[in-house]
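Shared chain: subunit A. Partners: subunit B in the first complex, subunit C in the second.
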Partner chain A sequence: MVFHFGITRCSLSMSKSKQIYTYVGVLVFVLLLNFWLPRLLPGGPADFLTGGTEDGAIFVSEAQKEAMLTYYNLNDSLWVQFLTYVKGIFTLDFGLSINYKTPVFDVILVRLPWTLLIVGAATVLSTIIGILIGLFSAWRYPGKTDRSLFLTMLGLSAIPEFLIGMILLILLASNLQWFPLGGAETAFLRSDYWLDHVLDVGKHLVLPVVTLTIGNLASIYLLMRNESIRVRNEPFIEFAAAKGIGERAVVRGHVARNAALPLVTIIVIRIGGLLAGSVLVETVFSYPGIGKLLQEAILARDYPLLHGLFLLLTVFVLLLNMIADIIYPWLDPRIRVAKRGDGQ
Partner chain B sequence: MLARMKSSLLLVILCLSLVVSACSASPANTGESSSKPVTQSGTATADESVDLVRLTWGDSGYPSPFAFSPSGPGGYLRNSFLFDTLTWKDESGVIPWLAKSWEISKDELTYTFKLEQDVTWHDGKPFTAEDVVFSFNYYKKFPFNWTGDFSHIESVTKSDDYTVVFTIKNKYAAFLSDLVGIVPIIPKHVWEKVDKPVEFRDDAALVGTGPYTLKQYDEKSGQYLYAANPNYFKGEVLVKEVAYVNSSNKVLSLQNKEIDAGYTVNYSEVENMLSQGFKMIQSDPTGSALRITFNLDHPQLKDKRLRQAIAYALDREEMSRKITGGDPIVGNAGIIPPDSPWYNNSVKQYEYNITKAERILDELGYTKNANGIRELLKLKVMVSSTSQESQVMQEMLKKVGIELNIQQVDSAAFTAAMGENKYDMAITGHIGLSGDPDYLRLWFMGQASNTYAARGKTWKNEDFQRLAIKQMQELDFDKRKAIIGKMQDILAEELPTLVLYHRPFYFMYNPDVYNRWTNTYGGIADGIPLWDNKVFFIDVKK
Partner chain C sequence: MKRSQKIGFFILVIFVFIAIFGPMIATHTPFAIDGESMAAPSEVNWFGTNKLGQDLFSQFVYGARTTLLIGLAVALISTTLSAILGLLAGYSSKLDTLLNSIANMLMVLPSLLLILIVASFSGGGTWQLIWTLGLLTWPGYMRLIRASVLSLKEREFVKAAQLYQGNTFYIIRKHLLPFIWPLIKTKFIISFQAAVAMEASLSFLGIGDPNVPSWGKMLQDVFSQSSTLLTDSWKWTVVPPTLAILFVTTALALLGESKQDGTITTASLRRKKSKVLPPVVCTAGEVASSGMSAISVKNLSVVYGDRTIIHPLSFEVTSGNVTALIGESGSGKTTMARTLYGLLPEETVTGEAYVAGKRIYRGEGQVTLQRWLDAAYIFQDPRSSFDPLLKIGKQFYEAMLLYHTPIEKREAAAQILREVQLDEAVLDCYPHELSGGMLGRALLALALVNKPSVLIADEPTSALDPIVKREVLDLLIKKVREHHMTLLLITHDLSMALHVADEILLLQDGHLVAEKDKQRYLQRYKPLSIRQLGYQAEKTWEG
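Now for the complex of A and B:
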């Protein structure tokens, strides 16, 4: 946590142009990787399509296969394909998804809101719960309550998200049948009331969001707790207590506010982590978001779709980092002043 | 300062919650709405019509003839609800469909089809011979997404508005079932203006003559809702709506009444469902098989005696019983399932016989060392998903001293390795054995580029090749069966592939919702051993 904090401060002290160079550099590197990495996997999109599934054999004739390769320009040399790809980046047109035969942009657009929904909900929940438990834990520090909370959270952070998901799925969906087994909504639900649809989406939302929240909770809790304990030992808290302010008010008004400051950065950066976590969670709950799409695209070697998805994720994470960089000095006047001093 | 920070924190949270609420509002666009929730499935009324039947399958893509997913039979079947073919199949075999009758010329090279006259496209325009001629020419330019060997066709012409004449280059026994029985007829007035059919997503792309129209396509989850075509030429469509939903566990979904029918390959699941009042149909002929493909270029496996030794060493009956839980159907060494009309019951078979296996292996010079291991014989088997067969096989081959390594790779890598001949043995489970036996030719003569054949390669066996061509051109059932029988003899002796066991599919359904399910003779279209054949949803006028 402290490490992260350090990085942010570090980049803040860099000049603006240097910062931009770094971002552009990372972006270019990822864009290059984005093209070559999927092609290093054994087999190509045609192999996947002609491979069939457990359920079916297909007799794609050589003529049909040839037509398929030509159609998706997979017969071109790698360099020609690369040039097409680079052109695609600038025009934001990655072509047709090979598996879905639909423009990549549209394929992603249909699924993106669902990922944003579970990632958004998990971010909000894990932030609120993490901060509250963290504060409570610090308030009880040192003591048994703090100790057991601390150990529980450490334990939780060690369990991989997909395992949490599987356990929840087996217990709550399969055995108790409180929640649906998967999906984002009941198929073709017929109801004139919008409330029914919202409730339906909500019901499907619970398990994925809970899984992501549990996975994300520990890091926020740990940072909040440690920061709060540090702030608690600062002289100004002692002063506030000496003034005769009640314990609760001290925690709420002084400890919480000061400890939450570094949290903003970590929360923004953690959203990137949640996006990555959504790949596993969406797969476990067959939730139709871009995480599951990414997994399917890798299996299908759907190069154009992979390009689009990786670009989206890269830009997303870079943007989040940028937001963290910008937001921090704005929130903490001490740094803002220091920066201004730098410039003069 | 602190107030500012608090407000910004709030702002972040507020933004997120806005995103969240915006998202939860937007995707709930469930098309048309009626008053009943979908969980309430239709019940059979006096006239046998049913409001809704819910089935399960994964995403099969956009169901136009050029965009559906060719991976698995789902895409083709979704398409077949919207589009019709000249012939179709029901429980008795090939039946007239868009073509009400046909004549075959003496030389068996010309087929004259009389078309149904009261057929309209979903958009109201009349269907004529012009559409049939156009379709076949269009597919020449833009290949159809599924099977159907167009290279047999010399020409397609119309002699009047409701008569079409096909001339073929050579006699082709599977013409009625595997060519005109598979290829959907598309409307000329729509597609003549389309030059990028794969990308074509207009509503018109789904205008067919079929018994259903697509009411809703849930693209993100790959779920389909079909509505009956009220003016269907073949008779009243009994099931008014068919929904295909994604289900992660068919048995559980059936029990929870989330779907009305689904299939499994596991017999113990079937027993459980039967006890709960569900009904079951077993696919007949089985159509699905688990088999080993041997790499015939492998320095050791290219010797057929080694392949035969492996066949003797495998207790395939036990394997099948263990894995499926049902009555085992040991694989025919000649590939064709024993319950198929094309099966040759005098074909050489390889019973479980360790002594024989050991003797052959010794003769081949793979002697056992002190630990009972044949050091010179280390083989690999490649699988594309978790395969119980490969594990059972590993155990069984260990008994005769063969060390077997299992390589598990994903589907694309599997196909690529097959194509590049970078494997020793590969296990595949797939359908396609119940249809016209012409698949034996396609598999081994490099016609099919899929993993299930000797991919991209021809199996160099002259006798087999000669017979394969001969059976293709023989239209008389008995004569053709004799040729197919000889082909099975060659396959059984040479063992380019070893069928481990034939695996029946068990279709379980809730009889209270719909009970007109039947097996299609020889499988739907090119031999798909499933039950969602559109003909069983229709009250066909005879």
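Now for the complex of A and C:
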């Protein structure tokens, strides 16, 4: 992902229970933001209903006003509003989407598979390619091949994802017309063969997936290269080389495993970043996933829908974090065996 | 500064110039609707116009201002927060718990998601965006700075300053800041770059102040009209802002590249797999040059950069002998041993070295040393010599070139393990499941597995505790004698050397000490070390 302000996380250093507190904290934090921000900050629904924002650029119809009023129960006291809000969360009832006039839950459910499709494909591709190139680069470190690969990837990791998507769109879809301009499938495709439909979906899939992959690939490459170079300086790598097993066996058998293991956690957690990044990519390619839905909801100030989407994304991210916490000990023999010993 | 950093800096300077002087020469205001719709670049509108007829050049140069201002402001806020909170957390353990848990929480969510949540509810003013980005993006580096402060606090010079009642601010400024300064610098540039990317992305999504020109907004204008892509107008509507964002973000990324230390003391991994070769018939010249020596060194020197580690020296090690290479730490013993096994980068070594009659550096084909077949090398610490993620067995099999089927390999490995009094079951263990002594024996077994004629052991017992040390050393010597191997034992332990070696070589500051001086040195230290040896022996054998 493009927006990594921090470097790597050291979730391993924290104990399990502390992790859980953090996750609960984040969930509560997001829930509170969802509730209070629209009510307290200028530009929220309250402002629209009571006369618009300073610039007054957003047009709000009577129906929209009505919907917002019912949704926010703005006439109730804040406390009552809050209780209603919390109750809605537990019953998965986020209300009606103002734009779609259907329950938020249903709107999201229709869009979710498309996003999971492109994010899933991009995760697999970027992980495999990123790790392979990172390993290759570290193998050639220090050297010209490594240096130029590194600089390319460093630059690539800095470019905003939407820009990559836009360049691909203009070159490959608009100019060369190899791929469709947008959407997830051709509307009213007249074919009875399922294969045609699959190919059609596949064709629409390529550019969004490539865009997401490039963005994530660069950061996974950078992580893998760093980690591999670190591992390369470990005594056991020099010892493996001293055994005369040849460079390929050293890199494949020893460097790759030891460098990739600590990355597993980070890669799983990054899927959350890809999900968030789908907002940009889906907007560029008008791909009908939850990212595009989120962008539309933001522009239309469809607050019930925004609540639902933010909550969903947060829960996804938290789940990914938990999965990462669980699988790491399972993969590392040093921790795995210690645990087995405890159980006996 | 690296060349890539210079390029990044140069590009950035260009854009700073555009941002400062561009608006001064712009002939239109960015949002004035006074041109033709979708006009191509011309003398009136240098970058053409958009759908509404607004001048794109003026949007571009004002956009540069917006972008750089937002980047600068966010970088300043975020970096200041990271530094101050990092110092606070590192200094006060009370605040640490609180700050650390806030940081953890902020880091769980991807920053894009977090920022979207806040930005989409708060509406988009430029300053709101700046504060949102600034306030949500400090945790990563705050934790790095905190960790750095925590470790610096334990260092002597900080403790001393505290003892002398140094004022906290004085200590921070004089003693801590110089160390965390590189972190702060990197954080600033990375923040800057991320803020530029984030601003562009958010305006592209339509979140942002509609009254402020920005590159992301220019692109959003284009993309909200689907017709743009069908005509040629993208050439002037899309290309300039795209290139600008591309250049600024990559330039900042290049500029912010952190230093990574190169390793000049390790040979590249690029080396061919060892091969079992038919015995070589040496030419008369080669026989004469290597003689009966197992190790032969001629005018060998090692230079790292401008530092000479080993001054030109020559020596021979007689075949079948146990030779100890001794010297104080820093005398170049380990470098010598590593040189003899070809573990140093070729360009640092001059002169010639032969082990088991094979050339170590600059040799080709059959005359090069086949690692682990002609000679084997035992590292200092058995614990860090084994790959922690692989079972011992696998680490044996990959080096066993004399055997072919898995069953043969397993049998041979079990056999050699029994020779060092280890059970076959060790093959199915991970290194961390074995004790230091067991790993020491396993390492020895591994070295014997191809029956090499020469063994180089670099302080093979220094990481072991005294009792185990004795056992492993005795086993090593016993096996070497049994298999008629040549052993070069590197050690700083004179008593050990005197105890086991047939011959002793003494290194001092990278020079080989001449015979006469060596005898004098040995005489001087012998009584002392014998006493030590006696003491140690008492402790080991009677205790």
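Going forward, the second predicted complex is superposed on the first by the 269 of 344 C-alpha atoms of A that agree within 3 Å, B and C clash if a C-alpha of one lies under 4 Å from a C-alpha of the other, contacts with A are read in each partner's own complex, and residues count from 1 in each chain.
Note that in this section contacts are C-beta pairs under 8 Å (C-beta built on N, C-alpha and C of every residue); 3 or more make two chains touch, one makes a residue touch a chain.
These numbers come from a predicted model, not from an experiment.
Legend: residue contacts after superposition of the two complexes on their common chain; A:174 is shown touching both subunit B and subunit C. In the overlay built on the shared chain, the residue A:232 is in contact with subunit C alone; subunit B does not reach it.
Of the two partner chains placed by the overlay, subunit B and subunit C both lie in contact with A:257. Once chain A of one complex is fitted onto chain A of the other, the partner contacts of A:145 are absent, as it touches neither subunit B nor subunit C. After overlaying the two complexes on the shared chain, residue contacts for A:240 are found with subunit C alone; subunit B is out of touch. Legend: residue contacts after superposition of the two complexes on their common chain; A:23 is shown touching subunit C, with no touch to subunit B. Of the two partner chains, subunit B and subunit C are each touched by A:299. After overlaying the two complexes on the shared chain, residue contacts for A:194 are found with subunit B alone; subunit C is out of touch.
With both structures placed on the common chain, the touch criterion links A:327 to subunit B but leaves subunit C unconnected.
Overlap of the subunit B and subunit C interfaces on subunit A comprises residues 41-44, 53, 55, 57, 174, 181, 253, 257-258, 261, 299, 332-333.
Listed in rising order, the residues of subunit C touching subunit A in the complex are 4, 78, 101, 104-105, 107-113, 116-118, 120-124, 137-141, 143-144, 190-191, 193-194, 197-198, 200-201, 204-207, 210-211, 219, 223, 229-230, 234, 238, 242, 245-246, 249-250, 252-254, 257, 260, 262-263, 266-267, 269-274, 341, 343, 370-373, 376-377, 379-381, 384-390, 395, 398-399, 401, 430, 432-433, 446.
Residues 1-2, 4-6, 8-9, 12-13, 16-17, 19-20, 23-28, 30-31, 33-39, 54, 61-62, 66-67, 69-74, 142-147, 149, 151, 198-199, 201, 216, 218-221, 223, 225, 243, 245-249, 252-253, 256, 384-385, 409-417, 419, 429-432, 439, 442, 446-453, 456, 526, 528 of subunit B are the ones touching subunit A in the complex. The touching residues of subunit A, when paired with subunit C in their complex, are 1-7, 9-10, 14, 21-23, 25-26, 29-30, 33-34, 37-38, 41-44, 53, 55, 57, 139, 142, 151, 154-155, 157-163, 166-167, 169-170, 173-174, 181, 226, 229, 232-251, 253-254, 257-258, 261, 272-273, 275-277, 279-280, 283-284, 294-295, 297-299, 306, 310, 313-314, 317-318, 321, 332-334, 337. Against subunit B, in their complex, subunit A makes its touches with residues 41-45, 47-65, 67, 71, 96, 99-103, 110-111, 113-114, 116-117, 120-121, 123-124, 127-128, 174, 177, 181-192, 194, 196-198, 200-202, 205, 253, 257-258, 260-261, 264, 267-268, 286, 288, 299-301, 327, 330-333.
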